[in-house]
Amino acid sequence: MLCETNKELDELVEEARKYTKDGQVADYIPALGKADPYDLSIAINYPDGRCVSAGDVQKRFTLQSTSKVISLALVLMDRGYDEVFEHVGMEPTGDPFNSIAKLEKMTPAKPLNPMINAGALVVTHMIKGNSVQERFDRLLSFIQQLANDASIGFSEEIAQSELETADLNRALCYFLKQHNRLNEEVEDLLNLYTKQCAIEMNCLHLARIGMVFAMDGMDPITSKQLMPKEVARICKTFMVTCGMYNASGEFAIKVGIPAKSGVAGGIMGAVPGKFGIGIFGPALDDKGNSIAGMKLLEMLSNDYQLSMF
Amino acid sequence: MLCETNKELDELVEEARKYTKDGQVADYIPALGKADPYDLSIAINYPDGRCVSAGDVQKRFTLQSTSKVISLALVLMDRGYDEVFEHVGMEPTGDPFNSIAKLEKMTPAKPLNPMINAGALVVTHMIKGNSVQERFDRLLSFIQQLANDASIGFSEEIAQSELETADLNRALCYFLKQHNRLNEEVEDLLNLYTKQCAIEMNCLHLARIGMVFAMDGMDPITSKQLMPKEVARICKTFMVTCGMYNASGEFAIKVGIPAKSGVAGGIMGAVPGKFGIGIFGPALDDKGNSIAGMKLLEMLSNDYQLSMF
Amino acid sequence: MLCETNKELDELVEEARKYTKDGQVADYIPALGKADPYDLSIAINYPDGRCVSAGDVQKRFTLQSTSKVISLALVLMDRGYDEVFEHVGMEPTGDPFNSIAKLEKMTPAKPLNPMINAGALVVTHMIKGNSVQERFDRLLSFIQQLANDASIGFSEEIAQSELETADLNRALCYFLKQHNRLNEEVEDLLNLYTKQCAIEMNCLHLARIGMVFAMDGMDPITSKQLMPKEVARICKTFMVTCGMYNASGEFAIKVGIPAKSGVAGGIMGAVPGKFGIGIFGPALDDKGNSIAGMKLLEMLSNDYQLSMF
Amino acid sequence: MLCETNKELDELVEEARKYTKDGQVADYIPALGKADPYDLSIAINYPDGRCVSAGDVQKRFTLQSTSKVISLALVLMDRGYDEVFEHVGMEPTGDPFNSIAKLEKMTPAKPLNPMINAGALVVTHMIKGNSVQERFDRLLSFIQQLANDASIGFSEEIAQSELETADLNRALCYFLKQHNRLNEEVEDLLNLYTKQCAIEMNCLHLARIGMVFAMDGMDPITSKQLMPKEVARICKTFMVTCGMYNASGEFAIKVGIPAKSGVAGGIMGAVPGKFGIGIFGPALDDKGNSIAGMKLLEMLSNDYQLSMF
């Protein structure tokens, strides 16, 4: 994919990069800890095919939580609105993404939304297919279509590492299983989920996927409707209400666009009707969002009046 | 204000009115309990001055929580962004609007957002003025401007009733005071807050105010900028992330417009750049939102593609 | 073991048996659900070797949570006070025995006491031995000594059933593992723990074990010191502060003796310096304690002034 | 009252006094902050009239939370077991003494026990009398009887100071009022409660009161039964399960006697059937208990085998 560098964007990136020093790369698995904390890149993809970028946009990173919004889209297509929301709620939580406490308080136990880990696990559980492999292949293929790049794969090293350090997600799974929210083997689900999180791309891809969400599920360049408009709408809504962990409210005020972050440092943004954004900046703030990426989006939103509100 | 009845809207209201039988009017103070549960009315106010309506749009009701978004606007103008958000947060909670538990868990204690009671009390505390009377007059005058009707007043009976049954709000206030979030007498603040909640209008007024928010703080009919664009934007953002109590997430998915409800049955909606909506339907669902009003907005949003997302 | 039936005790049992109709047998695993809800038996074992009983004292039942206090005794001998309480706390919780929420709130994560499931799992984890088999054999052998009956074994059926339905305990284990409280395979620990819970005896045995605790770890009949006095003291203290799930406070007020219950219907009591009590009554109250057993102990305590307080 | 100094006790006090440097005097009201952190004194009162002591036993301090167990005794006499426990529970909480969160979770809202502030406020509310003055006089008179000293009074300065800084207790009261647990004016109750907390005595008095509890409500020196045996038993039970804030479980393990502490540094102990203990040591640990007083009791319990368990 061609993408022109852009001087204005370059200046914003250099300004935002200063904030990387206040953040830290995720270190709960060694492979993530190897990222360069000073990295920061951005791509913006327009419906007419234009693309502008700044920073080293070829660097690949894993999707991590950013994948949650894509698996949700797939599952909404696989299962429909009613079945999905029978098993996962629609409300922001105000708690950390890996919290189990609120799940315990609810009767029946139902994850509050698909963006926290408990909810994302339930969503991934609902991906259709006869085997973990088949379900993963369907998800990966969907992502390749969204990014318009069949070369996208996943990092076996990171998937394996995450599987070995996934005890908190195991705890969530067994808790959900006890409450009849899962009916597959926990290790199968975790195998699928960690592969999903380990899907690798660069910020050009992420910007392209963001554009598809921004354009109501249509890829205007290929003229393919990759997901129904309603599915894109639901996903964008969750990106606003709970896309940035428990800083989502603040992000909505300060930036005001649908976005979803991941702990590898990626942020996918979708400015409705306008363009998609892909950011990579692995130094994270204390909520788990790319610290310089957040700042960059705030500057962009202020300068170009991107807020939907 | 002139407002034409509209046949399509009439039909939607009659369809939505069926849901009133599943709701209940608020009864924690006698005056609210006297409302007719079958009432349902709506007005839509366009920037060009057109207004369409259905139902008995002259019925007056008290703002209750709907006032929270207006006092927030005033306080943002009075104090500025930084001072306001030093004392109140920006995150949705996932807890009921009157909960104290999360406040206790946070260090320092800071209400999670301005739409829950704890946050709204802190906001009202920040309204500038030399006395309760002066602060209330400033708020009322601001609301009269927004609604373009100087005859708007408040219900002394309801204010008085609420003051007498405000023990949970008293508890919140003293808790906040202990944590240095309030430095006035609790009874003074409650006096001001209950008057604010008891401000009375009809759904025509509410639609007009919604239109001002929708039009970035400008009243296009009088051409007055009644609040800065940024203030309107922040308010609309909170209306999306936490405007409908702990059904805000679901409302964002199903309807997708900035809206704020109150337990007297009012809902103010602001469709950015398009129009304002005022609804009155006193039968509430179990979260405290107008049950038929919610349904009506859902039908409107589906039929006219109103979702921002 | 010989044990005389006793007319007074018989009358109390018949009186208490009436309360069985308000309780329910545990049904989360089929084998427990087969118990006869009207069963109620009691044995009292005195240091001089006398034993009085009422009801069908030969019926066997599994220890379930009653085992927690015995594994704690063994682990205190295995590891010493300091090591044990580095990993598990000493405070009652006020929450249900299987709750995970408070664990999440604490930093570092440390189960509040050894009588809730999270704490009991950490305790069982600390039983010394080179294999699950060896650790289980050591525990079983200790229990056989305490009950003075080498024929005591465990129910393979119930252990197996519990292993299959142990998802909530799995969740707790993985949560603990994430927080470095466990360093063995979760399935190994659960295998050991479910066997521990499935150890089977009758209320004569339970009364004998209770007597050993009552007599400061000494079996006065065999004159063997089966555990140090301090260990017996610590165990009895936990039996008072957290032995009866989240009805422990009420039980301390109403009965006032160290006691530990299990969901199969067993209660072991230890009246310091006086005697041991074993009760079997499988109909449970809503907290998980034998409903008639609790009543029987209350009547006994009132009639014979057994409260320590 | 005569009380002999005791060399052994002196040595223990000097040993324990070293721990005062790790504690801090309460400073939430100025008057408490004036205490000398190095103070430590103890008196032990035997049923035969003997008294041994160490340290400056004439220093007076306010009861603070220690008063909770005495007001409970009075209210149990005033209202009876059933009425009292209809309004306050019997379970330890595992939360800080001033927490409101668990109160919010319970339906109906009922303080978990009489030793946390919410529960103590409900208990004081139940003291009979036609006015705050009369209720306070009844409590003070009861305390004078228990301590056998009619000169005991209260500190107006501290009561007044506490009233002015009682916003958290105000919050608890209004929360309880909202849930129909209180039907008097909050300021009246707080007036009574802060006076109760400000009752002043020295550790000789406290030891004498502890002895009355230890001797089942009988003052063996005057041969007066000052409260029914059952009342004394209930109070001692709460002292064990929740007397030392959220260190009660640890205290039961390490010391094992009924005791109640207060933030002015007092601890009242009652060794059943044996003697009463009064301690004053104003340097507190992070849970709010006298840090050196706790250590002193631990040493005494180990040396003289005082644990009930």
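Note that the chains take the letters A, B, C and D in the order they are written out, and that residue 1 is the start of every chain.
Definition applied: a contact is a pair of C-beta atoms (placed from the backbone, for glycine too) under 8 Å apart; a residue touches a chain by one contact, two chains touch by 3 or more.
Here the structure is a predicted model, which means the values were calculated and not measured.
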item: Contact-richer chain pair [A-C vs C-D]; value: C-D
item: Distance from chain C to chain B - Cα centre to Cα centre, in angstrom; value: 55
item: Gap in Å, rounded to a whole number, between the CA centres of chain C and chain A; value: 47
item: Chain C and chain D, separation of their C-alpha mean positions in angstrom; value: 33
item: Two or more partner chains touched - positions in chain C; value: 105
item: Arrangement of touching chains [line / ring / star / complete / other]; value: ring
item: Chains grouped in pairs wherever the two touch, ordered by label; value: A-B, A-C, B-D, C-D
item: Residue numbers on chain D that touch chain C, as the complex places them; value: 89-95, 102, 112-113, 233-234, 236-238, 240-242, 246-250, 252-253, 256, 258, 272, 307-309
item: Residue numbers on chain B that touch chain D, as the complex places them; value: 99-101, 104-105, 167-168, 170-175, 177-178, 186
